[in-house]
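The next part holds the structures, each set out as structure tokens.
There are two complexes below, and they share chain A, which is joined by chain B in the first and by chain C in the second.
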Partner chain A sequence: MEVKTIVDECLELWRDPYPQMARLREEGERLVGVLCSYTPEEVLHAAGLTPVRLMGAMRSLTHADAHLQVYCCSLARTDLDMALAGELDFLEGAVFVQTCDTMMRLSDIWRRNTAFQYHGDLVLPIRMGEEVSLPFLVEEVRRFRRGVEEFTGQEIWDDALVESIHVYNRNRRLADRLYRARASNPTALDGLSAMSCLVAGFWMRREKHNELLHEILEGIEDSGEATGGEKVPLLVSGSVCTMPDLYELLLELGADVIDDDLCCGHRYFDAYVDESAPPDEALAKRMWERVNCPAKHQCIEDRFERLVRQVRDSGAKGVVFYLQSFCEPHLFDIPYLRQRLQDELEVPSLVLESELQSFSRGQLRTRLQAFIETISGV
Partner chain B sequence: MYYAGIDVGSLTAQAVVINAKGIVAYKSIGVKPHPVQSAKTVVDMLIQEQGINWNEVKFCVSTGYGREQVQAEGLSQDNVSEISCHGMGASWLVPDVRTVIDIGGQDAKVIRVGKGGELVDFVMNDKCAAGTGRFLEVQARTLGLSLDELGTVSFSAERTLELSSRCSIFCETEVLHYLQRGHTKADIAAGVNRAMAERVAALVRRVGLEKEVTMSGGVAKNAAVRAELERMLNVRLIKYDTDSQIVGALGAALMARKMGGGS
Partner chain C sequence: MSEEKRELTEEEKADRERRKIKSAGAMRELMTKYYIEAKGAEGTDRHIAWITSGAPVEPLIAFDVIPVYPENHGAMCGAAHMNVELCEVAEGRGFSRDLCSYARGDIGSAITKGGPIGGLPRPTFLVACNNICNTVFKWYEELARFFDVPLFIFDTPFVRGDLPPHIEDYSVRQMKEYISFLEKITGKEYDEPRFVEVAARSLFASALWKDVLACNEHRPAPMTCFDAFILMAPIVTLRGTQEVVDFYQALLDEMRQRIEEGIGILPSERYRILWDNIPIWYEMRNLGKLFMELETCLVADTYTSAWTFEGVDAERPLESMARIYTEVYLNINLERMAEKIESLAERYGVDGMIMHSNRSCKPYSLGQYDLAKEFTRRTGKPALIIEADHTDSRWYDRAQVEARIRDFVENLL
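Take a look at the complex of A and B:
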């Protein structure tokens, strides 16, 4: 298949993944919703379940506000709204990783008000990357695994889990290659296309996504000599990007996303699970070492240091912080991150907040255009 | 040789024509249903009323919400965001300016500019219409005052009433409540203008205040809001020698002069 055809299909999935999830169910996949990139998806995969990411939707709320305050993030509100409206009935359940206050409470509300057969919780230590928290996390992964086993009624064998870890590690390696290919040949694959191909994997069996990434990489790597992009290179930082609007607008305005610090992007596939270690411990270790979600404290690499490294390595001329309104963990970090980017790298940044995954498109366009003008001049 | 800027906003549209020396002519109108219609009308009026020969316009830049449609229609050769244009226009009018407050009909912007008027940073209202011209319009209508009167009448206020709501619609209810309780329009208007200034001051603090400071857009014509802002920010807002509503279009014309090779 042509690279463009694959990319277009992936972009369609990104715009609206829910019909695809329903199709997967019809094809016999047993779907479990995943709200957080810390979910050890390998455990679900090894149990014969198919994890699918719930990244909210652009919609008017009719059910969720009876349960969640309006100052909860739109990700939680729209996901819950769809569940309560019966629009996620193709799921057998969902997994809640207890990262921030909203996700913790959402888990309880979801459990009490929906009728899914399976409900998974994984409690993360507040402080990651410290010796004392690793054994706790290993035990949490084991508890989570037991919960999945109880639900399916079948034991998850270590060798099955190791096999799933291998599939996911391959996915991470391919995603990393995709990002590298995208950086070295921006005319062959722009930021919108790369992100589309990555997030599409949230809504298909991981083996199939590996095949898809492999096919794209072969297509790009055979596409001839690499040429530099002429667009203003930007880095996007934040949590999830529910809709492709931001990436599309940036392209239209003469900029492109050359790297990201999103939990549905680069942070999702960063770092590998050690395939030679006992699987529970190896899964916990990856989470423990991974670059932190701002809801957690302390990890091996400081968030700002990593952002600096990414900006320097990618050659980004500006950073767009793309956040869900009321996402306190991210928003608390913003003044500090922006100030240091300006003082230490002289890299300007723009903060965009989306409520219910939508923006006033006209205003968003003006702000992005003005931001690009601060970088490239007029 | 002329250069032109067309700024089509949410409530008003302006066109400014400049030459190598400065402003030659300008016109401001209320917007039409379509931005292209607004641009054509304001240009036609400039031609008819002020005798501008549009064929002598070497380069034109459009800005404002209709900027891309205006360019697509061939009325301008390029488009630039209104944020950059307001910065550029303000910097030309007041060379020492570093902070530009622009309050339009439906948006509020605070813009930091460099020595040459180049855009350094900006912040824009992103939640709702509170803190924009629309907020004043709604409250003025409820009070039965014109926009001009809303500003002037509050100088005769005996006290400034508190409007606590952040929401324009809820504020309207508060205004109605005060009217029913028998408070004077002057006291309520003073409260409205202060509430407006508080929202703008909050926006200024987000981007950081650096002197000199100017204010453009329709709300800049409200002396009471200006006075409240000067008090809150402890800074003098420098007045333009020209109509504060044309700053965006002027900036666009200056951009056109730069792009068209007129420096």
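Take a look at the complex of A and C:
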């Protein structure tokens, strides 16, 4: 298939993945919703289930307001709304990873008010990367695995799990290659296309996504039409981009996302699971040593240092912080990250808050335009 | 308004005097002394630690470190109507208005030294425990950057159902780590008998506090939650010291005396209400008046009882402390919370519940809609949810909240 055809299909998926999930269900896949990139998807995969990511949707709410206050993030609110409205009935259940206070309560609310057969909880330590928390996390992964086994009524064999780990590691390697290929040849694949190809994987079997990435890579690595991009290179940092609009608008406005620090992007595929270690331990270890989400205490690597490295390596001329309104973990980090980006690198930044219930493309465009103009000195 | 200004008759004055809680004075003295000592220690070689309200403070007391509680200070700033300006300082530095107003106010006060007592003394290190929320460790990370001092995080994973052994083990490991951290910072050695003594006093004070709160099971209630919100300051900030034990002993005696003499806190008590969430600190007076006028007593709440610890094993002090701190009210699932609410409702014989949906505090507030329904299902009593923020009054609509409370109370029974 042509690179362009694949990319277009991926982009369409990103725009509205829900019909695809329903289709997968019809094809016989057993779907489990995943709300956080810390979910050990390999465990679900090894149990014959298909993890699919829930990243909210642009919609006005009909049911969730009876359970969640307006001051919680729109990911939680719109996901719950869809579940309560029966629009996620193709799922067998969902996994809740306790990253923040909202997620921790959402899990209970979801469990109490929906009738899915499966409900998974994974409680993470906030002290990732410190010796003291690893045994806890390993045990938590085991507990999670037992929960999945109980649900399917079948034991997950270690060798099946190792195989799933292998599939996911391959996926991470391919995603990494995609990012590299894109960085070295920004005209062959723009940020929007790269991101589309990556997130599309959230809504298909991982093996299939591996094939897709492979095809794309062959396509662009052969294309050889490398010429320096004229677009203003930017880095996006935050949680998830539910919709492609941000990326689309940037392209329209003469900018492009050259790298990201998103949990549906670069943070998703960071670090590999050790395939030679016992699988539970290896899975825990990866979560524990991967790049931290701001909802975790930063003790592995200072977020700022990492951001600096990414900005330098990618040559980004500006940083767009894209986060959900009311998201405390991200909001707390913004002031110092922005300050230091400005003081130490003279890199300007912009903060955008996403509220899926009241999304306005026009407003987003205006703000992005002004930001790009300041960078390019227009 | 004009009614308020009316001169009280001699009789009314005497009655008011009789109903006043006398120990409040002793508490003010205790807290003033504490703050003077803490502030006086700034710049000396005594260690000062800023610590979250739910964190294990006993090790600090045992190591002679002065604990300082930004949340208690936040409540003070809120009650003094000074927290908004402190929040604005933080907002000016890029902190979103959607962050917890304790955190914003505290960051503002760290920058300007503002607030009723001229800010808190500079910490030499920080201790945060996420058993109350995950906000605190982000907030303390910011403090650690601001003051450039070490931060110890006591990580308490969320507990669903019974405390699983792997969480307990993790807590115990951290307790030990906490002790080593303190040894290193203070250069002193861990003294287990001392720790046990402090822990015992802490538990003893907390048992007394529990008894004090239980006095409100009596009708008429000898105090309201508004008093409890104020009288809890020592158990939050100074538990583990002898003064606190003495203070709560005296308070308990006073409460029992009141019960014996039939002295209620309100001139008349028709309805009894359970309160949920942190007080609306800047509105305590107005709400207090409103409830008095409605002859309604807030007899119990889910907040002050968070400092009533149970089940310590003197043989294994670190282990039991680790367990206690992990299973606090905000760190458990909704079903367990519902059980607590139900048992409070029963014990205190309440006619309904008012929940403060506090936009500053997600772990306390998300889930309230479900809890309210569950409360009514279990007890047959109504619940009201009001929207506010514990110290950011800009989110508060007094007329609307008061109207809703009036409506609610008028429809009781």
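Annotations
The working rule: the second predicted complex is superposed on the first by the 373 of 378 C-alpha atoms of A that agree within 3 Å, B and C clash if a C-alpha of one lies under 4 Å from a C-alpha of the other, contacts with A are read in each partner's own complex, and residues count from 1 in each chain.
Here is the rule we go by: contacts are C-beta pairs under 8 Å (C-beta built on N, C-alpha and C of every residue); 3 or more make two chains touch, one makes a residue touch a chain.
Only a predicted model underlies this, so the values are computations on that prediction, with no experimental measurement involved.
Of the two partner chains placed by superposition, only chain C is touched by A:Arg105; chain B is not. Of the two partner chains, chain B is the only one touched by A:Arg367; chain C is not.
In the superposition on chain A, contact is made by A:Gly377 with chain B only, not with chain C.
By the touch criterion defined above, A:Gln69 reaches chain C but does not reach chain B.
By the touch criterion defined above, A:His297 lies against chain C but remains apart from chain B after alignment on the C-alpha atoms of chain A.
Touch criterion met: A:Pro348 reaches chain B, while chain C stays clear of it. Counted by residues of chain A touched, the larger count belongs to C, out of chain B and chain C.
Once the two complexes are laid over each other on the shared chain, residue contacts for A:Ala271 go to neither chain B nor chain C. Here chain C touches chain A in the complex through residues 93-96, 98-100, 103, 130, 133-135, 137-139, 141-142, 145, 153, 155, 157-158, 160, 164, 166-167, 169-170, 173-174, 177, 333-335, 357, 359, 362-363, 365-370, 387, going by the rule given at the top. For chain A in complex with chain B, the residues that touch the partner chain are 348, 352-353, 362-363, 366-367, 369-370, 373-374, 377-378.
Within the complex formed with chain A, the chain B residues making contact are 65, 80-84, 88, 107, 118-122, 124, 126, 255, 258-259.
Residues 66-69, 71-72, 98, 100-102, 104-106, 108-109, 112-113, 121, 123-127, 132-133, 135-136, 139-140, 143, 294-295, 297-298, 325-326, 328-329, 331-336, 338-339 of chain A are the ones touching chain C in the complex.
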